[in-house]
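You will see subunit A twice below: alongside subunit B first, and alongside subunit C after that.
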Partner chain A sequence: MSGARNLSAALRRARVPRPRIALRPTCSQTPQATAARSFTVSSTVRADREIKFTSDAYPNVKRNPNFAELTPEHVTYFKELLGSQSAVIDGVSTDAGDDIEPFNSDWMRKYRGHTRLVLKPQSTEEVSKVLKYCNENKLAVVPQGGNTGLVGGSVPVFDEIVVNTSRMNNIRAFDQASGVLVADAGVILEVADQYLAERDHLFPLDLGAKGSCHIGGNVSTNAGGLRLLRYGSLHGSVLGLEAVLPDGTIVDALSTLRKNNTGYDLKQLFIGSEGTIGLITGVSIQCPPRPKAVNVAYFGLESFEQVQRAYLEAKGQLSEILSAFELMDGRSQRLVQDSTGNKQPIEGEYPFYCLIETSGSNAEHDMAKLETFLENVMGEGIVADGVLAQDETQFQALWRWREGITESLSHLGGTYKYDVSIPLSELYQLVEDCKQRLTEKGFVGDDDSFPVRAVVGYGHMGDSNLHLNVAVRRYDKEVEKAIEPWVYEWIQKRQGSISAEHGLGIAKRDYIGYSQNETMVKLMKQLKNLYDPNGIMNPYKYI
Partner chain B sequence: MSALRILVPVKRVIDYAIKPRINKAQTGVETTGVKHSMNPFDELSVEEAVRLRQRGEDKSSPVKVENILALSAGGPKTPDVLRTAMAMGADRAFHIDVPEGADGGPEPLTIAKMLRGVVEKENINLVLLGKQAIDGDQGQTGQMLAGLLGWPQATQASKVDIKDEAGTVEVTHEVDGGVETLRAKLPMIITTDLRLNEPRYASLPNIMKAKKKPLEKKTLADFGVEDTRRLKTLKVTEPPARKGGGKVEDVDGLVSKLKELGAL
Partner chain C sequence: MSGARNLSAALRRARVPRPRIALRPTCSQTPQATAARSFTVSSTVRADREIKFTSDAYPNVKRNPNFAELTPEHVTYFKELLGSQSAVIDGVSTDAGDDIEPFNSDWMRKYRGHTRLVLKPQSTEEVSKVLKYCNENKLAVVPQGGNTGLVGGSVPVFDEIVVNTSRMNNIRAFDQASGVLVADAGVILEVADQYLAERDHLFPLDLGAKGSCHIGGNVSTNAGGLRLLRYGSLHGSVLGLEAVLPDGTIVDALSTLRKNNTGYDLKQLFIGSEGTIGLITGVSIQCPPRPKAVNVAYFGLESFEQVQRAYLEAKGQLSEILSAFELMDGRSQRLVQDSTGNKQPIEGEYPFYCLIETSGSNAEHDMAKLETFLENVMGEGIVADGVLAQDETQFQALWRWREGITESLSHLGGTYKYDVSIPLSELYQLVEDCKQRLTEKGFVGDDDSFPVRAVVGYGHMGDSNLHLNVAVRRYDKEVEKAIEPWVYEWIQKRQGSISAEHGLGIAKRDYIGYSQNETMVKLMKQLKNLYDPNGIMNPYKYI
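Right, the complex of A and B next:
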């Protein structure tokens, strides 16, 4: 299956490695998207079309004149330094053409840079020398892992040098007793998880792009994913890091200790900083034992109040075995049904659906707990109807009702997507308010004269993380104006986050002010200037 | 024909989506700690039985269903699949207690003889079986049972239609290059194939109800059968691992490689 997966699709838990180039249309959600263009429904047409340069899509972003232009001398230095032929893709002294293009654009075909040089160092020392040289020569750099990001953070904007971690792909150590894995930044997430599976452990992060994304990239973007509810954020599970600062300093914080209260916890600076202050070269991470028993149930519920009650009950009664609690509204499930033609697991329509997953060590014990919980929520009338997967096939099928939302949306047209974090009690209010606002403005309707098809909400209920999606028949400047910045202001009023798990990159760099106050942004800029005074690390993005 | 009394034998097998591993002694596949579920073909049989009842109730089928009996032979975890069958709509269940082992359980003939006993004791007039179990892949039980009972059989059904009150049944099954429609009179044996229907999910209310439905424990001896074995599994091995391919630089390289391998 080679579908386009936009935005949160990459957080799906699909086991299929995702192709780098999406074949179906993915639609730009950038605020700068030009007014009222309609889509072609045919998939191949769009795939062949050239991706717009980010520098054209963001005309207000100008190349920093302090950065040097790449010369053949620079390239010669890098070739001598890295030795191997495959370590350098040289578009400066040769025409690298198609070889360099995959590094210049993202898989959603939304962002495209002008880089002419890709470096693939194989060791931390090589990274150190590369960055040191770049810093001294004022050459801008974009650290890049599997290039599966959703906000354009891993692709260059202008001619920044791409430093790709794909050749740093060794698993360095694994300790069976403590469950600590130490690996190079360029190890693919799925490879790491397979390695751990053979040793009865699990990588504490799971997302749709697992077949391509690198763990270094996951850490530097602080990826969330489907199991965050259970295994927590990478800020907790990452025990240590090895990173290189722009001046070539190797920061060896590759601790394997769970406890270490000595000094500032500097590794945290690199987690989620999207390569703006240093390049992560190695990760040490705490891995839990692999669960032996996994169950999935799918519910229909009458109201968002009931969803909240179900969540509280699930937390209370399933506590340590609860591994996912996902929310899908009725409209999102109808869209999946319309696009896949699959029969819904539950008869009758409900305004809300939930998917609950449990993972534990003992199947009987888990089932006993789950059944008590199910009897309870059914008996109390919290859940109106539901099903329980009886085998692996049904397990996968139920998950597809959650994971298939993004893909279904992409089949039906374009989508304005917002990945937000809001306090749980008001989580769904944003969808209601947004729908009302767009309906009042006369944008929403059932036939083609209305630009908006549906306003849907779904997401990681357990993490207070909502994906607000406005499915549109065509991109329309007026619709966009009606949503932004209204949606950001709405979130700001509730002290929410405008980017819960997708990061800032280039897509959201202008909106950080809605979730961080001036002092915070100032402190962040100070940190950036302290470690990267020349600003060569992943410029034009983040803050 | 007054009403249908349907027997649906089901088998608990290693889940279809799980890759089986061979045990260390190479006598069978590893079953401990591996996820088991109902044999997918048996799910289709249960679903079809439940649909026959629904069609009888809404009068789209001329014959009503009086009772659906699910049955499974196996070890102490066998009731799991019987509860699933009852959650899908079976009315009651028999668990034939057979000790678990790596030897794959009783042979099809033993099972067929036991089923004959059940059919006779429970006055069954339609047996819906999966065409095969995905663990042993023998695909014999339905046919043997038909032979033992002297009943008509329709195998690999992709459509089942009860035509009249006298119990005339039309069964469509797929053959090479098309479909074949068979007609027979009840009582009969039908084995099910993948395109017959789409099995339903076990809903929570029905899972609860299934717990209260009767599940009786029986033995092979209750039906006058002994677990005799005619076959002995000597060894089970994995298929040879696929060897990795190699890369050639250009057409000349390809040609010389092919020559080297004796393909040209």
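Right, the complex of A and C next:
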């Protein structure tokens, strides 16, 4: 390709060291999620440690005495209702043993409930009957999809019944002309995306957990993920929903129309409310055509100021083809290197790294735009060094340096995770300030006597969304107290959000006031009471 | 440009008549709205006719006796509260004369209320005090922006107080890095877009009324417009709202964050609810970078099947740069020709015309994509003839063939307007069926004894959104009865929407059931009662 020559020439003219940029013709398909991209719990490292009960970790949270205790009679009702043996995991009438534990605890091994009953309805009607019965009998419920959440929102605290959507996993319809997909809530995101890939379309959401998470869970938590800057929020792309209210009412708002201005857009209330007012059973979503060309570049940069400059250049020059602009700090990349043993894509150490992805319909045009961008950012010294994926393997490999951070951190022990929105100019300052604070308090060190191993920052630069991760050798109340509520106050001062995309769950139940004013919280409670007067839906969480 | 040669060669190879395609280097800016693009009421044609009172046109709608009658004391309170003389148009204590009429009736001269008081608060606090007082005194209110709506939603029916946002017209903030604009609800859409143009950004909404409509009105009606297929729905692009509830509560959800998952996304309820639960006072919206290159092409096509093929080709080949795909039938274009006296862009008559716009960051790439697309659709005989705008003037001229339809229709007398969503394959069938039905009933003809002049179809093909317009010499109940509810039944059978983007207002108050099931309507009423127990906000409309 002539582009390779042009780029080199331009870089020579700019008299900067020639980067190890290798042009790839283009990737024939968008990223297929592979096993490596989904997160897995490193059981070898963690299985030695019992997961603490959430009820012990949050002693101020008490079981609501208005809720009934489960009886064998309740279980009999559910067994008759759902029929199939695989639809009920019964720890009430029998000893469910280890079968029930995966539904009680989260993959981070941070939250653990006491449920003794898991229900897996297979249809919206079954969900309706389950919730109606629970509501009438004051039985608390936790809706659960793939259980990949990060804030303890999808696991019980006490003995709430888990209603899991894994058996509602049919693609209901896809229209090639409009690109609208209609599917059950329990369809795994990756399955939906692969179905769409075969039809030249793309699910407008992608995230590390795609191999396990359910699209119903994605919608109920308003998942953001890797390509929000390109494909927008689920509030825009979800065209319709089917959901069940606590009293069993089926809300059929499963429109497949791109435009439908006939009254209040009630489905929006279920997007991001984390299963506290209803259980989503079906999703209708606008899916874009699958890009024909996808490119990924990975850079090292000398300062956060340069990262900001690179972002603005990318926004201006890559514009409509920019599909991801991810930020990783040096520490996060060394962690991935340590845990995978892989060689870093570029030599030398930099305080910051970026991953830029473009997705478009014309490989040659995209490459030309990317070359111009690279000439610019390297010529002006914004980017110090960089590589461009040459084939699908390299494409996946580069992405793993971003997506592998979560798993690499999990090898270190526990992680205090903060997922925040902050104005771009101060995005990384939070990591610096947090590191300084914990260091001053004597918590950070290389030997095992220090609770904190590392303070790491990465995230979705294009969305002003930072993931602050404090990797600890063990969960430690003193460390937690040093971070919280300090971190929330820091964010509040900058009008940021204490939860950009992870939601509130139980982890942030007491901190909503840092991002929402009293009126908003009051209005939320009013809605919660309207739809769920008995409070049975996902109790003990943020509302 | 080499592209021009390639295109001609390809077309010769395909042995189709060479179209009069003239390549333009590119437009240096995106379409600036000009006066010609905003609609104007053709007063010379229509002023001879008094506008019928809505209360007479809808005799089944009765004034709610629970509402108080306005007294001079009420007016005194408002005058003291709002201070400025220009803030109150008082037809209660004095004779407001013609001053009040523009606030009582819509630009289509179809709906007319009996208000005797117009208030123009200048701040959110003033709106809060106005609504609180109205709520306590059971005074009904109609929120009004630019009053450019098409369904009678922004004018009173009886003596409701008009609360107009025209004096709340400040841009509050714009952040160049994130592209987030924060502005008062009363900012005119075109003013906002011009402000953004000077800062290399674009308001993610464009519509014919942009010279008059307010962004608060756009949001409260969930306006769709010309480029929804590119920039998405306001449910996705609006990041935050400030609104006032009927009891005076200020809902401050004016977040500027792209991601903020901290509880229910309450602002969504105000988007598209047409001022029935609150009055929007401020908007925060994500604005994309202004495209550096914009191209427009205009085609003639022989059948609706060809239009569908052209759309699928455009979606596939123009993909990320496609910013509009508009459909106009032959009749609509002859009307524009008749009313403007302009020569049609292409010779010959076709049953269908399309306008395609691309917006991108690289003029050369966009032109190459467009050429490939043109070679394809003309080579395969999908498009019969076409032109490509060569400069800004031609760009504007081509757009006027689409945007001028509304005004051209207004010269003919009245128009029954239906704005519907229908699955793509049947989109135009509604126009054919409607024409046949009205013809069979003897309503359609060229001489003045026939009530119907023309049945016209056009719209946003890319959004499956058709505008069915029945142009009449005079509004006629018999014609209306022949169309309604037949048209709604037609749409219901196809799971379409009886209002894609115009909303329900009073025009479709009785027809919501054709697009929403009983449960949804019940849930909407429940929310209406929650926020507006006295029912003072925009009464007599669809809820």
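Things to note:
Rule of thumb we're sticking to: the second predicted complex is superposed on the first by the 456 of 543 C-alpha atoms of A that agree within 3 Å, B and C clash if a C-alpha of one lies under 4 Å from a C-alpha of the other, contacts with A are read in each partner's own complex, and residues count from 1 in each chain.
Here is the rule we use: contacts are C-beta pairs under 8 Å (C-beta built on N, C-alpha and C of every residue); 3 or more make two chains touch, one makes a residue touch a chain.
Keep in mind the model is a prediction, meaning the values are calculated, not measured.
By the touch criterion defined above, A:N538 lies against neither subunit B nor subunit C after alignment on the C-alpha atoms of chain A. Looking at the shared chain after the overlay, A:D385 reaches subunit B, while subunit C stays out of its contact range.
Of the two partner chains, subunit B is the only one that A:E375 touches; subunit C does not reach it. By the touch criterion defined above, A:S55 lies against neither subunit B nor subunit C after alignment on the C-alpha atoms of chain A.
Of the two partner chains placed by superposition, only subunit C is touched by A:L228; subunit B is not. After overlaying the two complexes on the shared chain, residue contacts for A:G272 are found with subunit C alone; subunit B is out of touch.
Touched by subunit B in one complex and by subunit C in the other are residues 292 of subunit A. The part of subunit A that touches subunit B in the complex is made up of residues 292, 297-299, 343, 345-346, 363, 371, 374-375, 378, 383, 385-396, 398.
Residues 15-18, 33, 35, 37-38, 40, 84, 87, 198, 201-205, 207-208 of subunit B touch subunit A in their complex. Subunit C meets subunit A in the complex at residues 175, 177-178, 200, 221-222, 224, 228-229, 232-233, 235-237, 249-253, 255-266, 268-269, 271-273, 277, 289, 291-292, 308, 311-312, 315-321, 359-362, 365, 368-369, 421, 423-425, 460, 463-465, 495-504, 508, 512, 515-517, 519-521, 523-524, 526-527, 530, 542-543.
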